C-alpha cells in the first residue's frame, strides 16, 4: 500500500491509496475527496465540532460495500480527540470528535465519504442545538415537492417568530433546521414540537404530506421526518459529500434560491456537487453559520 | 472407523473428471458451557426482542432489513434470498493452479479430506500429479446450497480440500497501522540467534489439552461443594526498548 | 471495522516480554442484515430471556454454568476460569520456534492479528523481522475465556498473526478415509497428462479474482430493490402516537391557515 505522510500544523497524518477512484463513474479519487474537505474545512469544521461523528465508510468506493461506524476506530493516532458516550446497555462507546483539520483528513483517509452528526454536542447529550425537519420525497414525489413544503415550513415557523435554515440533503430531499442553542430546550421538546407540526401539516394537506414512515403512506407525498430529533439520531452534516454516482454535497441554500428553484421546477437544479460547494463557500461564506449562533425559543416551552 | 462421507462430487479441470467424497478432518471435543441466570440458575435462551419494548417477537413477525441509511432499511424476505442460491451440479471446478505455499493461511477456513469415489485410478493420478508439480488447485463448488472457494492439495497419497475465505473477509494487515521501528543490525542478529536457539521441529502430539482436564477437575470440586481459591493472573513487565539488545543477549546466554 | 481488542496481554520468549493486543483478522460476512419487527420496523435485538421470569436478563446477571444433570448446573465464574491456569491467561509464552512450513494447515483453526501494545512497538518489530528472516513461527499456549488454545504466531503482511491450532487428538488421521493402495496397475500415463494440464493452468494466487457470488447477488438484489422501493424507516424510540399538546396544535393550525396553500 502506498502511503505518504502529510504535515498538518504540528501533526503528521499518514495518507494512503490516494489514487484510488472512489466515485468510479464520475472519476473522483481519494486525493480529490481529501482536497475537497481540506478546502471546505473552514465551513464544515464548526458544524462537526464536539459532535459524536458517525463515519460512513466506502473503502472500495461507490458501488463497493460500505459501513457505518459509530465507534472511533481503535487504530487511531493519539491526537484524535474522542469522547466516551454511554450506550443503552450501560456500556460506554468511544467516538471521534472532528475538532481540527488533521482529524478531518484522517477520517477522510478512511474513505468516510459521508459525515453524519447528532444534533447535540457530547458535553450536553440531552440538549439539541437545533431542531430538524428532514423532508424526504416518497415514490412519485420529488425535491420540488420538498421545496414547497420547506417554504411552507419557513412561513409557519416565521409566523411563530422562528428563523430557519435549509440545505439540500445531497440526495433527493431537503433539510430544514431551526437553531435553538438554549440549554432549556430538550429533545422531548423538539420531538413534541416537530411531530405536532408535521401532523398539523399532514392533516391540512393529506395529499401532499405524511408524518408517518410506513412505505405506503409515503407514495406521492413528502415525508416530514420529525423523528430525526432524537439524542441518538444523526443527520448528514452540512457540506458533507454524499455517496452517489457523482460527488454531490449537502449544501445550504438561501431561501430566495429555494423559491427560485422551486418555481423553475427542474429537480436537476437542486443537485450540487463539490465544485459548486467550494465556489459558493468562497462567494457567500457559510450560509449555515447562523445555525450555531442564533438563540431561539420554541413557543410554549 | 471410517467416517461417513459428507458430500460427493467430481473434481473437474481440463478434460479430467475425478469423483471424490468429502470427509471431516477435524473433530472438536470441547467442554460445553451454558449461560444461566445468576439468581436462579435457569438456563437462558436467546430471543429476538423489540429494542424499545423489550418484549420477545415471534419468528413469524421478524423480517430481515438491510440498512441503507441511518435507521432506513430495505426489506428482504427469505424467498428472495432463496432464489439467489446456486443450483449445485456436484462439480468442484478448478480454475487455476498455484504454487504451494502462496496462500496466506489467513484465508484458510476448514479442511476436508478427499477420498476416491467409485474408482481409485483418477484419484491416485491427480494426487501424484499435484505432488510432482507442487501445485494446488484453486476451485469453486456448491455444497448444500452454498458456494465455496477452495484449494485442492495433495499430501502424500491423499488429497485435501481447504475452503478459503473470500478476499473481503480477510482484514488487511495495513489497517493495524503498525508503526515503523528502527532496528540495529546487532539487535536483529541477536534476535535471529535467539530464535534459532529456541527452535524445534513441530510435533503437535507434544501439546496436550491439559487445561480441559483441569477445568473438569474444577467443576468436580465445585460440584462437591469445595471453595475455589482465586489466583490472579500477573501481567509481565514489557521489555524496555532501550534494553532490548541486552535482554536478547542475556536470553541467548540462557538458551545455549 | 473498528479493530477492537479481544484480549490484551504479553508475548514472552525467554526473557523478552512484548505487550500486545489481540484483534480480529477476519470478518465473516459483511452483508449484515438487521432483524426488524414486521409491524413497525422497530429493530430487534438478540437478548437472553429468562423463561421463568418472563423478562430480558441484563448482561450483569448472566453466568456460565456446566451441566451436571438435567436442569442442574454448576456455576463457574470468570475469576475461577482464570485461576485454572493464571499464568496463561495474560501471557502468550512461546515454547518453541518452528519452521512455519512444517505446520500442516490441517491444524489451523481461527486466525487473529496481534498489534503491539504501548511500549512494545520495537520488540514487536524485531520479532516480525526475525520471523521473516528465519521463516519461523512461535508455538505457544494461552487461555481465552474457558479455552486454552494451542497457537502459532507467524507473520502475515508486516503484522504478527496468531492462528489457533487444533490439538492433535482433534485431527482425524488421514488413513481413516483414504483406502490403502490396491493392485490396480500404474497410473503413470494419466498422471503425466494431468501434470501437463496443471502446468498449463498455472497462475498466481490472487484472492480478489474469485468473487463471492452470493454476496454479489445479494448486493445486486439490494441495489435493484432500493431503486424501485423506498426504504422503510424504523422508529427511533418507543413512543406512543398521541397528539401534541392542544394549545400548540391550535397555534400551529392557525399558522397553517394563514398560508396561501401548498402547491
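Order of writing sets the chain letters: A, B and C. Residues in each chain are counted from 1.
The working rule: contacts are C-beta pairs under 8 Å (C-beta built on N, C-alpha and C of every residue); 3 or more make two chains touch, one makes a residue touch a chain.
Here the structure is a predicted model, which is why all the values come from computation and not from measurement.
Looking at contact counts per chain pair, the maximum sits at B-C. Of all chains, the one whose CA centroid is most distant from that of chain B is A.
Put simply, the chain nearest the middle, going by average C-alpha positions, is C.
For the pair chain B and chain C, the distance between C-alpha centroids works out to 10 Å. As a whole-number value, the distance joining the C-alpha centres of chain A and chain C reads 33 Å.
A straight line joining the Cα centres of chain A and chain B is 41 Å long.
Contact of a single residue of chain C with at least two other chains is seen at positions 1, 3, 23, 30-31, 41, 115, 229, 232-237.
Shared interface positions of chain A, i.e. residues touching 2 or more other chains, are given as 65, 75, 233.
Multi-chain contact residues of chain B, defined as those touching 2 or more other chains: 67, 71, 168, 172, 174-176. Listing the residues of chain A that touch chain C in their complex gives 57, 65, 67, 69, 71-75, 89-90, 138-139, 148-149, 152, 155-156, 159-160, 191-193, 195-197, 199-201, 204-205, 208-209, 213-215, 218, 225, 227-228, 230, 232-233, 299-300.
Note for the complex: chain B touches chain A at residues 67, 70-71, 168, 172, 174-177. Considering their complex, residues 1-5, 23, 30-31, 41, 58-60, 115, 219, 229-230, 232-237, 239, 243-245, 247-249, 251-253, 255-256, 258-259, 262-263 of chain C touch chain A. Contacts from chain A toward chain B in the complex involve residues 1, 14, 16, 54, 65, 68, 75, 116, 233-234.
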